[in-house]
Amino acid sequence: MGNKLETIDVNLYYGDFHALKGISMFISENSVTALIGPSGCGKSTYLRLFNRMNDLIPNTRIEGQVLLDGEDIYQIKPSKIDHLRRNVGMVFQKPNPFPKSIFENVAYGLRVNGITDKSFIGAQVEKTLRQAVLWEEVKDKLKKSAFELSGGQQQRLCIARALAIEPSVILMDEPASSLDPISTGKIEDLIFELKNLYTIIVVTHNMQQAGRVSDYTGFFYLGNLIEFDKTKKIFTNPSKPETENYITGRFG
Amino acid sequence: MTFPESNLRRKKLGQALMFGLARAISYGIVAILLLILFFIVKQGIGVVNWRFLTAMPENGMTQGGIFPAIVGTLYLVAGSMLFAFPVGVMAGIYVNEYAKEGPVKRFVKMMTNNLAGVPSIIFGLFGMALFVNELNFGASILAGSLTLGLLALPIVIRTTEEALKSVDDTFRQASYALGGSKLYTVRKVVLPIALPNILTGLILAVGRVSGETAPILFTVAAYFLPKLPGSVFDQCMALPYHLYVISTSGTQIEASRPMAYGTAFVLVVIVLIVNILATLLRNYFGKKVKMN
Amino acid sequence: MRLRRFTEPVFESLIKISGYSTGFIVLLIVIFLFKEGISFFNLSPVDEGSSLWVHNSNPVKKLTAPQIKDIFDQKITNWKALGGNDQPISLCTLDELGEAFTEEQLGAKFERLPACIDSYIDSLPGTIGFFPDKQTANALKNAQPVQVDKVSFSKFISGTEWFPTSRPAASMGVMPLLLGTLLVSFFAILFALPLGLAAAVYLAEIADERVRRILKPVIELLAGIPSVVYGFFGLVVIVPLVQSTFNLPVGETALAGSIVLAIMALPTIITVSEDALRTTPRAMKEASLALGASQWQTIRKVVVPYAASGITAAAILGIGRAIGETMAALMVTGNSAIMPRSLLQPVRTIPATIAAELGEAPFGGLHFKALFALGCILFIITLIINFLVERVSAKRVR
């Protein structure tokens, strides 16, 4: 497995605030990488580097290199940002379906990227809803508003929405933090399934979750990457005392 | 997956086009405002001088000044605020400090909204039926002021309510903790903090009242009255009504055009002053509260 | 201390009373408006203290107010048109009698007037007479009074003629005024909504903070300009512009009214829809951008649909403002109370009618009460609009 993503000495500033401090790290292809750490440690900010979502916040300054398949995504032309975002999907903390039907939510990414072939869109919507293990639950009400689904269903819809344009990387920002345990379990199973096809990065608060779903884990603290290793290693035999303290629940 | 590049180009072009359009429309709306202001200032500024502001209208209102209309509007503004300000502030206090969440509070707020949405001509009808006829004030400054006061009431209530809402609850709790009664807390703690914003509301209400025409048509406004009112039971002239009259009726509309431009200019200046004053007050006190 | 124990309850009850003041005022408005407005119905449209008479042989015994107007305007000149015999209609008032009879015949104090009327009508059986009741004293032998339908709610609402001062019978149909009001307001919103929405989108989503800080107060200033100044501006700028552009005999038209009211409705529409657009969660916009959507696609497909109910509320509020606007409408729409057929025609709105006519309507008379009935209609429209806005906005919270 090669390195899908890599950051080399990345620094990020929000105005005067130094949010990411010299982060270097690699993400291997078709694996799940978990980013853990206390609130405000920079893990979400780090995640948002990969689809240039931080660009939307005024007064943000970024130094260093962020490589996707070996290409620095901060050196590409502004007009190519759409291409990048098609290739790097994102799932957010709270389910945030659009004020549209279930079908149109999944079809959204296809439509905004210029695809008009109706039969293709229909097939793709079904395929991704099946991938997200939602098809059986919604196949009879595709025209209904997405807001009528339960929270867990909405989040799986949002995952399907991200899958529909066939990205190679999926970023997940605490995807289960607002869900009940059963829905959380379903999302975790889904992540496990999806890693055969996608490179996945998950930000999570939940240590057990990181242990269950991920292959690699990075521990962030105060804008620093304290430790990065195989998940098994981090959870059983961390090399840094800060990591051990956090994992055993002594702070955070 | 492959995406059709031609459609993507259209997407970029569409965005550029629509953003440009939205910007153009926004600036266009601002341009309309500036056009209105510029037009009235350009036509009116040559007319306005000391004599125009302090002389009686002469010669079928084609010459002279607008002194009685200015004085009348001042009386009406003062009279309406004398009613609307205390009642409105107390009502705002009631809604934000006293009324408990529930049907009563909802009803009171709904009625305030309804009153704010009532067209000004309805206030005119109502003022005529109640103040002029039923209470027998006749067409008078008293009747006109009360009618305008009713119209201004929702404005004062809403701004007071907003102002009180923005006062942090910790101030209230601190006062209660020291044994202050509810009224004492409102009077000595909450009101002083909220006062600048309440005054902003007062200024906005003054601006609104000084420009209203429909409510005073039948309750106070005099077509031509070249003397100052002697008591609250007299009629008076008023700026907005004067502008209406000299620009639409009479036999010498063309001859009185300069007077109309001058009157419109004075009205616009009042509106500008009111808005600038309100903004300054908000900014000045806004900073001061933050510093504490 | 003791003094405060006495004054506090007094102040607190004052505060409470003030709190209820708006409800009380709305109630008073309803009472005073509807008291006059409702008493308008079941009045006779014929001048008070007068009656219409026809010959005993005339089969037409009932007329409506518009028919009477047409008769006296000599638009209807034969009874056949009214379902009667084929005979020409001749009009007779005290003036005609004064010409037909000498003073001697009439009597010094008009005491022989009924006899004269009798003989006049008998000689011309096609006559319709209009006399004060005092003079006829109901003593006519050859003539019978014409029944005139009372003013009814349905006729008031559906009537297509507004001639409140015509004699002998006033026609008061609200249709031309209502349609005029709706026409002017509808087109005002049609002009203002796309422009206002574009400006709201620009302010909420596109403009950077610095530009917004300049544009926003300017638009608020637009809301502060008195309606009479807009009316004046419309009169000296927009009206001549409309007249020359469309080559019209007069520029005071529904179109001029719509343009001026559109400008006046802009601040309301912009402010309310901008607030609604701003409620779109950031995460929802980010989700759209993360799928490769452009900013404009995000606005069109996510932000605007999300704010749809708020934008609807803005449009309804704007219509409400336009419907209730008095002075600007009065000054630029030309004020002719005819059924509107095009935008390039003078029309008259309900508020403008009240403003223009109340000063001349005799206190407590038919016309006076009709104007209060118009006020009632306007008030009910306002209530409906407030209700709709509250319903639509409540939906947004869910």
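For the reader, a short list of remarks on this structure follows.
Letters A, B and C mark the chains as written, and numbering starts fresh at 1 in each.
What we mean here is this: contacts are C-beta pairs under 8 Å (C-beta built on N, C-alpha and C of every residue); 3 or more make two chains touch, one makes a residue touch a chain.
The shown structure was predicted, so the numbers you read here are calculated from the model rather than taken from an experiment.
Taken as a contact graph, the chains are fully connected, with every chain touching every other chain. Geometrically, the chain at the heart of the complex, using CA-atom means, is B.
Looking at which two chains touch through the most C-beta pairs, you get B-C. In terms of the distance between Cα centroids, chain B is separated most widely from A. Between chain B and chain C, the centres computed from C-alpha atoms are 24 Å apart. Note on chain placement: the centre of chain A and the centre of chain C lie 60 Å apart, centres being C-alpha means. Centroids of chain A and chain B (each the mean of its C-alpha atoms) stand 52 Å apart. Residues of chain B in contact with at least two other chains: 11-12. Taken residue by residue, chain A touches two or more other chains at 82, 86, 112-113, 165, whereas all remaining positions touch fewer. The set of chain C residues touching two or more other chains comprises 294, 297. Of all the residues in chain A, the ones that touch chain B in their complex are 79, 82, 86, 112-116, 165-166. In the complex of the two chains, the chain C residues touching chain A come out as 281, 283-284, 286-294, 297, 301-302, 305-306, 308. Against chain C, the residues of chain A that register as touching in their complex are 51, 53, 56, 82-83, 85-86, 88-90, 92-94, 96, 98-100, 108-109, 112-113, 158, 161-162, 165. Residue ranges of chain B in contact with chain C, taken from their complex: 11-12, 14-15, 18-19, 21-23, 25-26, 28-30, 32-33, 36, 39-40, 86-88, 90-91, 93-95, 98-99, 107-108, 110-115, 117-122, 124-126, 128-130, 133-134, 150, 153-154, 157, 181-184, 204, 207-208, 210-214, 217-218, 240-241, 243-244, 247-248, 257, 260, 264, 267-268, 271-272, 274-275, 279. Taken together, the chain B residues at the contact with chain A in this complex read 1, 3-8, 10-12.
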